[in-house]
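This report concerns only the one structure given below.
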Amino acid sequence: MSLSHEFIMGLVRLTLYVVGLIAFAAFNAAYLSLCERKVPAWFQLRYGPKEVGPFGLLQPVADGVKLLTKQLLVQKGSDVLLFKLAPVMVITPAIMCLAVIPFSETLGARNINLGLLAIFSFSAIHVLGTMLGGWASYNKYASIAAARVVAQNIAYEIPLLLVIVALVMVTRTFNLHEIVAQQAGAFWHWNIFRLQASPLMPLAFLIFFTCMLAESNRAPFDMIEAESELVAGAFTEYSGMGFGLFFIAEYANIVVGCSLATVLFLGGWHCPFGLLPGLHWFMIKMYVLCFAVIWVRWSFPRTQFYGLLNLSWKFLIPLAFVHLMLTAVMLKLA
Amino acid sequence: MWNYLKEIFSGGYSLLVGMWITLRHTFRRPVTVQYPYESLKMPARYRGHIQLVFDAATGQPKCVACMACARACPSNCISLEGHKPEGATRRVVSKYTLDFTSCSLCGLCVESCSFDALEFSKDYNLAATKKDEYVMDLMKQAQGKQEK
Amino acid sequence: MSIEAQTLHRETFILNLGPQHPATHGVLRIKLTLDGEYIEDAEPVIGYGHRMHEKMGENRTYAKFLPNTGRMDYVAAMFNTHGYVCAVERLAGITVPERAEFIRVITAELNRVASHLLWVGAFLIDLGGFTPLLYTFDDREQILDLLEAVTGARLTFCYYRFGGVCNDIDDDFIAGTRKFIAHLRSRMPMYHALITKNIIFRRRCEGIGPISAENCRKYGATGPVIRGSGVAYDVRKAEPYSIYPRLDFNVPVYGQGDCMARYLVRMDEIVESLRIVEQALDRLPGGPVMAEKVPRILKPPKGDCYFNVESARGSFGVRVVSDGTDKAYRMKLRSPCFSNLSLFQECSRGMLLADALALLGTLDLVIPDIDR
Amino acid sequence: MPINMLKTKFAEIAVCVAATPDTPSAPLVTETAHAAKGYDLDVTVPADRVTGAARIMDEAAFMLEAITGVDWMAEQQFEIVYDYTAVALGARVVVRARVPRATPELPTISRIYPGANWHEREAHDFFGIVFTGHPELIPLLLPEDADFHPLRKDFGA
């Protein structure tokens, strides 16, 4: 059996990308979780973790080791298969999503034509994973959280997709690489400021960001792990790395969401002043958005569940529709 | 419609104000005390566990074993013995035990003492691994402190 | 039909909230019957921290019971001690020197501020906001520092004695308190901007968990709960004690009866308490802080009496029945939280789980105070 | 409702006793000095009339503050004390009733004051007083299998 050179190279490339993406996701989870503890510490007039390593930089390692040494307890009466499958189902799509994101002109695992669609189809799976995890836990708090996560994600998928549809109408492509390429140049070329396409573009970005928070179950929309109501929500029964995977997935989802926001609205790897485009600009933009996610979480109380649905159905969806209509009209007129 | 838009703007503005407040706090100095490295000085009236006061002139405890403190204690955690040495004008304490496991740090014993023979320790690092360590022999403790 | 079949038929399930649950602030268990997320029935199960303080009051002398009082409502320990010493003083006919009365009011009101600040933070935790807790703790800590310098303890003060207080306050305390009052006043706009005006917070509180004035009366709910339902009932005004009649302060009342009203009552009470402390400091007279001729072993005459104080959570009452010996024949401690919690079952019916927890938070429960 | 009106109302249901054998018996309704006692009106009613007293208090818009017992060993009686306070007046009324220690039973007032439910359960816990007609007279503060009553004077501490 002879394997062609290209096939082997392709396999190596694939393996490298898979390893690289998993490493990227894990690294982000580790250090975003450190940020998640350091940033609120600054807000709250304290120091945050500072014992492990210089400035607490090795704290994620300590956390990881602790999680790895813990036993994954499976509660009697729970659905063992689903219970163990759920964390995997949550983390895999998050990593898959990273595969189509163009980090720079040349860096990106796969440049496929339907990249945007791929991301939305993958990201729908993690909802299922969380739901199954909560359901299989055989715990009432987790079951309530499982029901909540579905209602919440359905409600927020709609405005999210409406905003994306409007954007795609403007860009005329699903290819993320091309979407970024269209935004080349200084910041007024970015989609967020593409006011000639629709004057509501900045608002569309805010809707996208809000929905992204809700989709990744982040505060103030963290209904599924509302600790003052549901103890730890869907993750109540998870211990050790079972919980660890959910944890990594949460941050991977934030990274995906922020990357997507960067790609779609903030000009991807392009510099705001048209200078030196590259990976660093992408990273700066993405991490600024990640900081905003953490910032929002530590500034506000949690919304009530009907408040969350009200926000989606009464505010975000109508606004997204208005934005969609306006974009269509502008396109027709242009 | 107007109210609808007003709500969006006022609501959004209130969120921005909240974020601005938390961000502003970032630039203030942390208020926490990094405990094992730095510790606070206890105020003069801090009620720690009790200890015996020694007479500077004689080097002996001021306590005359009148049992007032033991009687005042709501939790009965003070037990002491005293004797009257020959030729002395007053009794001296020979054994003073504080069962810290049931002490509630109320300070009624110090208040009841008419000889100023009891004071509060300012030591608050009182973690121990065994219950026995909390049955404190105040005579011994005080001697240990004097030797230091 | 068996119980299980009925439950199946109604499609409700029972959820044990607690005894260890983040929202119950202690070992309180609430047996919830839920229909989806709607509460059909919420039965509080209490007594996990029961220590029988009333029996302890019967088998030890009056003075020895003093430390116990701080251990019921440990967040606002001054008030329990205040109610207790005042009840015994009333029974034994001890008059307290004026300076001691002023010091009592100053420390008690500072304690009220500390308690309310803690509540604001803890309530925000119930609603899922963590940062305000740290800010209120920062401010509360300064009160505790002040009180610690005077009383020697940060929580279980045990500061009042029959006939006065055990330590006099010094100039450092007065200067520190004045500084703190100015500091907290400057912080209040920040709290209002961060919490009160926040749209999410308002949505979580406005119109949520209404308690009618009638329900408050029927269940004996007092304190900020009844004042949030539009009834201006404050023991400090209704049955004036200590030097309160001589001080100028308002009783904040909000009529809506919802969580927001109770929250606003407490926020306004912080400001009012600061005013009280300031006035008391301005008029602080000299003189002794302990009445003379208070016997070491107190033996009040036969009879009974009742004394009520306005604690941070409502009206805290002590009924002492004396048989002329050095120990109380009967000591009834009426805790405000006990009555405040008892209306939860009725008022939470039909609410969503998260809203009910907001309602539970605004009742400002201190579990050891309920269980005694 | 002012105190003197309450006084006449309570006089109808209060226990009547004679101070000395020669004097005519008078209802046990005493006005007391608030500053000395902490309450304004001290009423003693027969055990079966506590609901009537509660109704009077309810009509006068009083709030139920507490229900408690006192164990009078020497007289072989339990005294049940109801503390009412008027939110508007700042007046406080104490209603007392006595039951024999052997059969400590009296009607519940939890239908008039739902808040009495817990107070009565607490009194049942501590003294073993049975409030007839109470919806669920099970231990509240004590463990659910508690069969002792700690505030009885003959309870070994």
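We call the chains A, B, C and D, going by the order they appear; numbering starts again at 1 in every chain.
One rule holds for everything that comes next: contacts are C-beta pairs under 8 Å (C-beta built on N, C-alpha and C of every residue); 3 or more make two chains touch, one makes a residue touch a chain.
Since the structure is predicted, the reported quantities are computational estimates derived from the model, not experimental observations.
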Original post:
Most C-beta contact pairs, which chains?
Top reply: C-D
Subject >> Closest chain to the centre of mass proxy, which here is the mean CA position >> reply: C
Original post:
In angstrom, rounded to a whole number, how far apart do the mean CA points of chain A and chain D lie?
Top reply: 63
Subject >> Centre distance in Å when chain A and chain B are each reduced to the mean of their C-alpha atoms >> reply: 50
Original post:
How many angstrom lie between the CA centroids of chain B and chain D, rounded to a whole number?
Top reply: 43
**OP:** Would you mind pulling out the distance in Å between where the CA atoms of chain C average out and where those of chain D do?
**Re:** 25
Original post:
Counting only residues that touch at least 2 other chains, which ones in chain A make the list?
Top reply: 43-46, 298-300
Original post:
By residue number and range, which residues of chain B touch two or more other chains?
Top reply: 15, 18, 21-22, 25, 31
Original post:
Which positions in chain C touch two or more other chains at once?
Top reply: 131, 135, 138, 194, 198, 200
Original post:
Which chains touch which?
Top reply: A-B, A-C, B-C, C-D
Subject >> Residues on chain B engaged by chain A in the complex (per definition of touch) >> reply: 8, 15, 18-19, 21-23, 25-26, 28-32, 34
Subject >> Sites on chain C touched by chain A in the complex >> reply: 13, 15, 21-23, 36-37, 124-131, 134-135, 138, 194, 198, 200-201, 203-204, 352-355, 357
**OP:** Sort out for me which residues of chain A touch chain C in the complex.
**Re:** 40, 43-46, 140-141, 144, 147, 219-220, 222, 226-229, 231, 298-307
Subject >> Complex interface listing, chain B residues touching chain C >> reply: 10-12, 14-15, 17-18, 21-22, 25, 31, 43-47, 72-74, 104-108, 111-112, 120
Original post:
In the complex of these two chains, what residues of chain D are touching chain C?
Top reply: 34-39, 61-66, 68, 70-71, 81, 83, 85, 87, 89-90, 92, 94, 113-115, 117-118, 126, 139-143, 150-151, 157
